[in-house]
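Two complexes, one shared chain (chain A), two partners (chain B, chain C).
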Partner chain A sequence: MTETWLLRNLRAVKGRAYPRVIGSSREPSWVIFDVLLPLLTVAAYAYIYKFMKAPEEFVGFVILGGAMTAFWLNILWSMASQLYWEKEIGNLSLYLMAPISRMSILAGMAVGGLFETTLRAVSTLVIGIAVFGIALSLSNPVMLIIVFIVTMVALYGMGMMFASLYLLFGREAYHMSSLMTEPIYLASGFYFPVKALGFWAAAGASIIPITLGLDALRQLFYPSTRSEYGFLPMGTELLVLSILCVLFILLSKLSLDYMEKLGKTSGRLTLRWQ
Partner chain B sequence: MNSDLRTFKNAAWLGWQMEANWTDPFLFATYSVVKPLAGTLILVFMYLVITHGETETAFFSYMYVGNALYMFVADVLFGVTWVIHDDREHYMTLKQVYIAPIRFSTYIFGRAAIKIAITSFGVLLTLIFGVLVLHVDINLGAVNWPLLVVALGLGLSTLAIMGLALGGVTFLTAKHGMGINEGIAGVFYVLSGVIFPITILPGWAQSISKFLPVTYWMEGVRRGLEPGVMAQLGPATGLQGFSDLQLMLILVLAAISFLFISLRIFKYADKIARRKGKIDWTSAY
Partner chain C sequence: MSRPMQPAVKTESLTRVFNPKKKREGKSVTALDSVDLRIERGELFGLLGPNGAGKTTLLKILSTLLLPTSGKAYVAGFDVAKDFQEVRKRINMVSGGEISGYGLLTVRENLWMFTQFYGMKSAVALKQIDELLDLFGMADKKNEKVRTLSTGQRQKMNVIRGFVTDPDILFLDEPTLGLDVNASRVIRDYIVEWVKTRPEKTVLLTTHYMAEADQLCGRVAIIDDGRILACDTPENLKKLVKTSTMLKIDVTLLDDKSPLNTIPGVEKFTYTDDPASNLTSLKFVLQDESAVSDIVSEIVHSGAKILGLRKTEPTLEDVFIKMVGKGFE
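Coming up: the complex of A and B.
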């Protein structure tokens, strides 16, 4: 690994992240479409908790879950499906010909996606807090940042793995992403504590990093609800998330290499409109 | 007229192929069942967490049926706008369809029709699951069929017409413009009494609710499908003062008004898109 190689790949990461970062400022209409309007769905869930006279914390759970949906949607539609779309529009072959690691492209997509999505999620959170007047505890900000970062690394690692797996999909890619929306919202407890699903269902759903990440964030923001609604102790959740980080990044590298090889031998890497 | 029918039929056939032939029929059927059920179960779990398992209440049936019907709102709006997004960004065939000697709006409605058919299957399955597993209060003997059929037909037509306006907006927006569907559908989700009666909203929001056709559509379909539940909830729904006939008249008026408005928006957006060269742009960054 030479310095030139490293710099070249860092430039590739920057180059692939750039359109996503800059796209946010060039198309400011996303503020309406991706922040204000989706907040309405979250508001509906908040109102139903209010209607059922649920504890106040549940409105906070919904706002947090609603903010985190931005990351999951970004994983599905802008990470997992992205290499497939790149294939469809003819960019994939250019990436494969470039003298860079494919992982740099995926990392660039992840960095750019994380940037634009964090902006959206934070906006949703701030507006949700302001509109519904919820109070969040910030007693352990360092842990909060650590949990968030570890969750995001694991989540985007999973997205990178999906991106390579999706490479061999045709139109299944769209349906696969579509299928993994509501069922994952349900399994990961985006709008209610995942503990409500029962231990084994929640444990199974923990393979999706956002399940434990969201649960840990809720425990940090609402320490008083930890014993009643927290799924696992926070330390355990952080440990599992750290393992998922390593696992998914490793698997993404392996699956990318495998799928590229398979794609080349089966001649499907540049096949479009299947 | 013949040309429009042929366009509609072929667009619907194309829509069906695009929706269904990516996999085998069994997997497609599973996919069509899992997605709507999961969406509904989110709400069911939210309810169960708070009520500790109580589902045999009028409010639960109200919420469950509303959420099942909402699939129509989301999918019909999405179906119409997705046609433009999908053909333009993914298949890059929008320009070819656009310059074909057909009425473009008929093509869009044809593609969307199949989406409505698939959604109807999901709604039906969700309702059956609700009745059999969660004891949702729907008694087939008590269903007011004429009201149900008329309300359903009028509401779906209005939604498809509204979708046309959003389709026009999609011409002018980049890839994230797909959030329009989610957003507009979200407005209806909050303000139209989909999962909770509009009476719990603040006064100003209730005023907006009464301008939205989906509010009356939901009320009309619920009165047809679960008259017992609606009678139990009584004034809590906020629309008790409207007779069935008044609800239907409002829906007819809404359909006519939106037809006029949507066509104007679509034509305007179409003109701007052509002027700015946006008919075949892609923004898949």
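Coming up: the complex of A and C.
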């Protein structure tokens, strides 16, 4: 690996991230669709908890979950199906022809997506906190940053893996994304502590990095509820998330290499409308 | 490092067969059939053929997007199947009608983004982009969003994308497809200028516009049904039909053209109908000029009216008609 190779790929990451980073300022309609509308769902759950006189932390759990939905939607609609759409608009062949690792294109998509989605998630969080007047008692900000970063690397690693696998599905990719929206909201405990599902169901849902990431964030924001509502000890959750980071990035590399080979052999990778 | 002693492009018995995904989707299609081609560095080489002849398949193999079924292809001396990363450092490709990039980016940002995939420093890339936009008459569009561009402006931007990374070998797949005369001229002029001022650079241009190949290319290969039928300079190719007489006749819409094919002395014959203008254009390659009177008689006999008749200089289309027995359209 030469310095030139590394520089070229870092520039490729920057280049591919750019449209997503700049997109946030070019299309401000995201404030309505990606912040205000998801807040309506959050509000519904928040009012249910309030009406039931559930512990106050539950409203905070819901707002945190609501903020994290932005990342899951970004994974499904802007990462997983992205390479398929890049193929349809003709960009994929230009990416494949460039003298770079395909992973740098995926990494660029992930970095850009992470940036724009963090903006959306933070907006949801701030507005949710302001509207429902909840108090967060953050115990360990350094740990919060570590958990957030590890969760995002694992989550976007999964998105990178989906991106290459979705090339197989073609137009059916839309259905796959639809299929993985609401069920994951349930399985990952976006609107309630995942512990409520029982150990084995929650353990199974932990393959989605956002499950453990969200649980760990809730434990950090509400340390007093850790023993009652936390699924696993935070150290264990961080360890599993770290393993998922390596696993998904490795799998995304393998699946992308496989897809490229398959596409070059069958001739379908750069054919549009398949 | 490039391999300077090696030709820009070399193919040996290059064959590509597309198999249907499922049996019921039809038969296998041989897009390229034992293609042998050698393009030297510094050439502006044309690949001329009708739609579906195999031009784009060849370019996809040469640009490492597709593997050959059998045979070999080398670009700058590197095997496209094995040394694809070396090939990719040296090439770029632009296709006619492509809609690459992102509509929310400006023209300048879009071009900059693609330079990053080739590792160009931003300052160098932006300087180069500004110069090319100026040369292509697009300087006033550089801060416009890509989605606001017209087809011609968009294609000029695509062509700039191909040149801006300064590739050793540039593949242009129908770069002027569907463009108006002015946009096509700007693009053609720049292609010629680029090769002329940079003798080490090579352009492989595919087109189904005869005049484009004739005007731009030092050598032209004629391809049909995946096979190279001829490869030479446009002048030498046209000499192949020099002994024949080319005749073009415009008549009012002619329904039954079959008798024209059987007139003695007619070597090849093609036509185009334009019902909107009530016009049929007939094109003949004649072995014997005496066939002209028989052709005129046959047209008059059929009830059509002759609107124009002229002998023409041989073109690459005539070469194609003579070789394949059909026109491009």
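What we mean here is this: the second predicted complex is superposed on the first by the 274 of 274 C-alpha atoms of A that agree within 3 Å, B and C clash if a C-alpha of one lies under 4 Å from a C-alpha of the other, contacts with A are read in each partner's own complex, and residues count from 1 in each chain.
Simple rule for what comes next: a residue touches a chain if its C-beta (ideal position, glycine included) is under 8 Å from a C-beta of that chain, and two chains touch if they have at least 3 such contacts.
Here the structure is a predicted model, which means the values were calculated and not measured.
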**Item:** Which of chain B and chain C A:A43 touches, first, second, both or neither
**Value:** first
**Request:** Once the structures are superposed on A, label A:V142 by its partner contacts, choosing first (chain B), second (chain C), both or neither.
**Result:** neither
**Asked** Of the partners chain B and chain C, which touch A:G15 in the superposed model: first, second, both, neither?
**Response** second
**Message:** With both complexes overlaid on chain A, does A:A130 touch chain B (first), chain C (second), both or neither?
**Reply:** neither
**Message:** In the overlaid three-chain picture, which partner chain does A:I89 touch, first (chain B) or second (chain C), both, or neither?
**Reply:** both
**Request:** Based on the superposed arrangement, let me know which partner A:I100 touches: chain B (first), chain C (second), both, or neither?
**Result:** second
**Item:** First (chain B), second (chain C), both or neither touched by A:P193
**Value:** first
**Request:** Tell me which partner A:S178 touches in the superposition: chain B (first), chain C (second), both or neither.
**Result:** first
**Message:** Comparing chain B against chain C, which has contacts with more of the residues in chain A?
**Reply:** B
**Residues of chain A contacting chain B in one complex and chain C in the other** = 19, 23, 27, 89
**Message:** Please output the residues of chain C touching chain A within their complex, sorted ascending.
**Reply:** 16, 18-19, 21, 60, 63-67, 85, 88-89, 91-93, 95, 98-102, 104-105, 109, 112-120
**Asked** Of all residues in chain B, which touch chain A in the complex?
**Response** 18, 22-23, 31, 34-36, 38-39, 41-43, 45-51, 63, 90-92, 173-174, 176-180, 182-187, 189-190, 194-197, 200-201, 282-285
**Request:** Enumerate the contact residues on chain A facing chain B in the complex.
**Result:** 19-20, 23, 27, 29-30, 32-34, 36-41, 43-45, 47-54, 58, 85-86, 88-89, 170-172, 174-175, 178-179, 181-183, 185-186, 190-193, 196-197, 273
**Asked** Any idea which chain A residues touch chain C in the complex?
**Response** 4, 7-9, 11-12, 14-16, 18-19, 22-23, 26-27, 89-91, 93-100, 105, 264-270
